[in-house]
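One chain, subunit A, appears in both complexes that follow, with subunit B as partner in the first and subunit C in the second.
Then we have the complex of A and B:
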């Protein structure tokens, strides 16, 4: 028997027993035996819905009996997952039935939360906004449904002329957006999941799809088990479950990805094996301006590009990245082979990066330069973590600088178009971008007399009290500031509700209508199937109710040009339906109204959506969806490629029709390597990387309430290299203190566990609200995307007895 | 209502394109056998979780100071011998079952000694074994801890350091195991306290039954919709010379 392993187990079990979530909960979801299982004919209604959790966007079939979700199965008719789900996915129905669901609005009075009526809650919010509309900020989510995000967007930018709206997706894919914009002039991947069925080589750039996008990863491993050859190359800072399946593992130093991408391009140029024809016809070269760089950058000649890239020889790259020069040559050769199909996948490793925009652009550049683009299996594909980061955040544009459909607040014509669609008086939309996430919380937690000019913050569908970086600075300071007011719409108590002044109970997943948009441009609709518990209500309704109360209070912004309420919905007789009263909210399908209104915005960037009813019939459709001559609607798998994309001009093989240079070309960027903002030193000698685990969704507020998932992964931990542990005399399972310059947290040690970091690196998952690793992380961010770097900062590990002495 | 039909997806006949032919992907012509996919079932109402039903409704046997005073049935020699005891999970190091039943004083010292509350008393409905120590991995698994304090605590010695510590065997029910449905899951192998028992090949776990101690940690942690670990108590345990 192995006492090291047992040590971890023991502390894991104890941690589970003492955890805040389990507490003395008696609620459990026993798995019924086959004999008790309701058969499908047995009064069970089945309906489709996308999974509530990750950006993969699997579809599930939800079985409902007498107003309660009683079964969940993978949806065999869904193209994404073909009936398969991941560990979390099978449990998605259970998240509705945790014991401590919030069911009543709660107001903090003298430090205590007291139940109040909805009317009062909406009134309090509306009055605070009315008092100082410009000091109100809305913090949303990539888990917002499209109508939720769209309503919030319209309230803020179209109603309040206030651009302080930003989503948690800022923390997760903002750099992917800037990478796409810089390269193609338009956001979101050109390829789709079908690439995974056709690629010969799969490169994972600092991501771990085996755990984080398991259903996608199994599409590749399944091909292998059927006898096909797929070479998986894992480029990572630590060994993971993906590495277990990989043919090659290239271990890089943090930030090494930038050097590796440059090294591959260097090799393609050196060996003259880049795709001259493709580059000549479809690409141009670009680099950031030397003074105040922008996303647009400046055009450079191919010669100039060659000159600059020449510096990144395999040897230099080895120095910068820690990956042996031979391996860089191997990658260069691989990309030089035109007959191979190569798909790159990445997620947070490249996005949560102070050079996030740069590394995203560079990997696109590698694919463009080598011509590994636009054929099935040849694609640079960025994955999202959240189920609707694409649909709600990137497409609806719920970001401080954006408007729906890829528009920008800074552009007069874009503002005018939105005012047109919304029937608003000219000049209603504010031209100055609002505060991005880090800035928004900075201003909220800064005392008013020191210039903190956000005093009311409304948080929907996310948990910033756990996920913001450098929590002590960006969140916890709020507690002392009595004039600041935090409103949180939530389904369970969370780290965020702990500091909330007003808590609104929200409807969750199939307790409301919804539409999500996954990583591969797939827009997915579902219907409400069960009632929310108690007085929990839809987030869209909250936004509309607040808007209507503002209208009653006389806020002019809540009226359009003709004096109508901006969220007015009329019935067939032209009568306004009072959707701001919850009793009447489901008199009509508000989602459908909002979606049909939103659809108009999508054509400018050729992200055309079909009518709502088409999505009802399908397991999602990938945009652009265009109508065929026979009236049917056709989705698009491969954008910019003549054989599939309806917007590529007849006869053209490729067309980057939103090219930033206006000539149909994609940009191949050059960025110089820059070192990370904080590197380990004598005082803080270890790298800290953070991330997710398979069993828990993000901050665990939903999945931690499912006994089976919580048993499978009861506690956060710190993954350590055996040698590092030995050097400090740290035992398996021992609780240690992780310290950075910004904060500390205590965690049990897991040596050679699921991930195996190299010497000098530790990894900590962020799902556990009792062990907040974001006390330690850095709020340094990418200059273009403003996305913070959660993947690297300097920490030290101390034994508890040393730390206390 | 059956799941609504999907316009977006039709069951296509397997076909090969030119690229597939070049790469010899002939497997594409073979349809995979359908293995029933897992379905997660939840209790229909909260009442279903109510487990009071499982507790015995009959009155407890009369006793004075813990000693039963129910009249003893006369022995009838023409009847068949008393039913053989059935296999049950005992704490590690338990002696052969009839010796165990004879020797165990139902003192609960082993349960008290267990740091993980894994050892519980067998419920009333189990008749002659009621009150003796047992382990239910669904509630709390045995962690096979260092020094096995349960054995040390057992005064009558029916838990004995000289006996094998194995309490049962686990096997994986493949059609319930998520990894065997090719979705990533590695929890059982990560948490098994005995190294080398659960091996993972191609992401799929298998249990080496010869080395498995039956502690039940894998069953406790398995997150599959229907628990994929089948745990069986040992059928025969060695006896000790009286």
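Then we have the complex of A and C:
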């Protein structure tokens, strides 16, 4: 785009925003944009918000001028990022202003999208639900704000008695959840980011935080710049920017992490260097049952554990993982040193894994067995990829089997408690878990006469048309099925809206109030700062408006046991505020009402939250947040540790107070190594790993609309080893065909690119909607968490001329 | 016999045709080359290349004579004499004198402002990297941007903040080399805060206030002074070392005071007769 056109767009945009900002007459020099951009930073209104992108949860200061975001600054008062951001965060303001924002509800009629009014859109949805409430499913997101997820949860489970609600976080961190539950009996990390300031050793397990969580990673590498010594050990299937900063690089085969964790425990036991005191006082041993294993597993004795772990000698681990036996011994020795502080970091590498629950539990086990737990710097820390995967999915429980506050639909007392909080008649909540993500889309894309029993699917704040694995099986079939109805709330056209029957324009980030919960248990609030464009509206409002229309249509589930609307909000005089009418939605702070209602659910699992107004004042607070004698609210940095956690009994050093064995102990698990579900063979000789890049986030629908980021990474690519490329006569930049048993996609080649895969491995980032690598990935998933494995499957690379011949 | 001349003519036509094809493809190749390389503002192309070309004629010391194995340990390795002389042949900036009289020119300031804003989404955004980099380490960035450097009409500006690891965390690079030709322009209606033109002065001659945040711009001389600062934005008194002694920062922009208003004691309660 030439600069004249850009200038015109800027002027047009400013005019549309309601005012032209005149250059200050005292400024004598013309600069680019001076005619239409404010220049006085002091004149802006600055306010705090968490960044829209990843699970790190940086706070930004958002500079607003004349109703538009014009600047962003790292928030110096924020403990997470201490004034720094990454290149995505610095440009986050631009995500609101992509030229093709959706601004009007669109309905597909005879294959064409036509604009309709909101009233008609809400009507269509409500009637489809009314026709078959049990065939309706709600697919949500780790990018949902807490009130958005809570409202959807209440509509489905409390209103429709329908448990078919699941989030995209199922694809992202479900195995982290099951790992925490299996080990501690309660979800989410015990430590926090302060561990990164105190650790002597940082181990990255299949994790590339230099690109994916850069603010956290440079928090560690900046310590080195200041003269501190931190040893970084990178365990990975390919070299990355994290490897560049690492002292040690251990290259493992896919699934090798399981063997490595077992090998470390083997060495701790063999050399008798495990923390006997910690294990004796605070741990128990556990393994899966041999027949139909469960998440709880069965208790085993320490002797039994020793017997089983004895098989995982460094030499055996070398065979299974490809990491030399000496390096396994090195790791064993390292964990055997009590005076070191060791922090493990992981994210999708361990979660998107058919042994996801197992490897998560095993790494917790390594830390527990060695006693590297619960002191600042000694922590097994699981990171999340989405801004509120923890807050909205794990805490609000927007999963097919869960209820808010760590409750389960299968437990009668949990259902009764929720019915109590929601003032619902007993028995309203359905006892059968709904469909998890893979199953939900399976059922939605299966023809009705073949048993596909989901016919209306509402997608909010995510893009399954790009992120689901094995898209040809789980998504693309929808196009042929005329009786299936896909509703998508979105901000831009996406791979999902391409097949949508009804598209709802959504408000984005600071165009609405919101609350997120980040990777370190930190709950973060922000206020609406600018208006959404056109007729775009809040996702929470959509949910409440649908509920109210259902009430008008006579759906009994939309009433509580006193006959009141389940989302009723009353003013000081006791009059109901019609928040289902958008012009009245901001007459009150609906977020605050929903949050205060939700708070009641959080105490059972000791994830206590403070009142809404406390979060307004803070740059987030880490739960449990408890009120102190002087009335102030105190957050918790280190859970289960007596020196910091208010729920550890007086005088105890550690207390795992949600222990599955009921005796305050954490579980050290034993899982046998199992091979990956699909391994390269003659026909498909290469490993495929998928992931992200620094400049783009998730499916790129926001970051690919930012010129600065798109310039830095304009396309997805396939990263190849030079020798593999030579062997196939493939040149740098050449477009090739990636084929798996499930599908194909064309990608340009980057030989020894930003990451450098070993021979026999290719890597593809998934952000590019024009090059869908999830046509190729597997939908095989972890048996406990149901999270699919995006990190390994077998593919072949073909030159285009060979593929077409 | 009669088709002999025809063959010759055809042969000549073929040669001419081939010649034209070769010339066209060579031109096309060169045009293609120059098209594919982005030219960010403020990076003059060709300065280094022309010096390199000019010195190609000087072949003295360019060829390293082969030596036998026994002589290897005693033979000087590394850059050839010809290569070593190249940096010296580049145009050197005049030696920096702290006490040279500075008279900032408005035209320079305009040009500097134009270049600076072409690299930023808004004032305060970390600048994008305007030149090619390929998997460059922090040390490589620091080599030029730590203290700044000028060579052949090009200038590496000085880092205005403390040393921070992971440079590309904040500074977006240009497209990776294999994807330089991939179209990457997108339309976005974001309008960023423009750079301030000058601080506010209480009266003519008063020291101006600092019109931007000091965060990540702790080193004033990175831009406002020294040999590698921005033309037209230099301090007229670079030997003064305590900038905030005279130039007041903004508490709002520095995120220093959370209060909306400056707290003051209540006004004096003066009795009115």
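Rule of thumb we're sticking to: the second predicted complex is superposed on the first by the 763 of 805 C-alpha atoms of A that agree within 3 Å, B and C clash if a C-alpha of one lies under 4 Å from a C-alpha of the other, contacts with A are read in each partner's own complex, and residues count from 1 in each chain.
By our rule, contacts are C-beta pairs under 8 Å (C-beta built on N, C-alpha and C of every residue); 3 or more make two chains touch, one makes a residue touch a chain.
Note that the coordinates shown come from a computational prediction; the quantities given were computed from them, not determined experimentally.
Using the contact criterion defined above for the overlaid structures, shared-chain residue A:74 touches subunit B and also reaches subunit C. When the two complexes are overlaid on their common chain A, residue A:612 makes contact with neither subunit B nor subunit C. Looking at the shared chain after the overlay, A:669 reaches neither subunit B nor subunit C.
After overlaying the two complexes on the shared chain, residue contacts for A:715 are found with subunit C alone; subunit B is out of touch. Shared-chain residue A:136: touches no atom of subunit B or subunit C. Touch criterion met: A:47 reaches subunit B, while subunit C stays clear of it.
Legend: residue contacts after superposition of the two complexes on their common chain; A:733 is shown touching subunit C, with no touch to subunit B.
Looking at the shared chain after the overlay, A:98 reaches subunit C, while subunit B stays out of its contact range.
Of the two partner chains placed around the shared chain by superposition, neither subunit B nor subunit C is touched by A:684.
Under the contact criterion defined above, the residues of subunit A that touch both subunit B in one complex and subunit C in the other are 1, 9-10, 12-13, 27-34, 36-38, 40, 46, 61, 63, 65, 68-77, 83-87, 90-91, 93-94, 97, 210, 214-215, 217-218, 221-222, 225, 241, 244-245, 694-695, 708-709, 711-713, 753-754. Looking at the complex, you find that subunit C touches subunit A at residues 106, 109-110, 113-114, 117-118, 121-126, 128, 135, 137, 163-166, 168-179, 182-198, 211-213, 215-216, 250, 252-255, 258. Residues of subunit B touching subunit A in their complex: 1-9, 19, 23, 25, 27, 32, 37-45, 49, 116, 143-146, 178, 181-187, 190-195, 202-203, 217, 220-227.
Of all residues in subunit A, only 1, 9-10, 12-14, 24, 27-34, 36-42, 44, 46, 61, 63, 65, 68-77, 83-87, 90-91, 93-94, 96-100, 210, 214-215, 217-218, 221-222, 224-225, 241, 244-245, 694-695, 704-715, 717, 732-733, 748-751, 753-754 touch subunit C in the complex they form.
Of all residues in subunit A, those touching subunit B in their complex are 1-3, 5-6, 9-10, 12-13, 27-34, 36-38, 40, 45-48, 61, 63, 65-66, 68-79, 83-87, 90-91, 93-94, 97, 198, 210-211, 214-215, 217-218, 221-222, 225-228, 241, 244-245, 617-621, 635, 694-695, 708-709, 711-713, 753-754.
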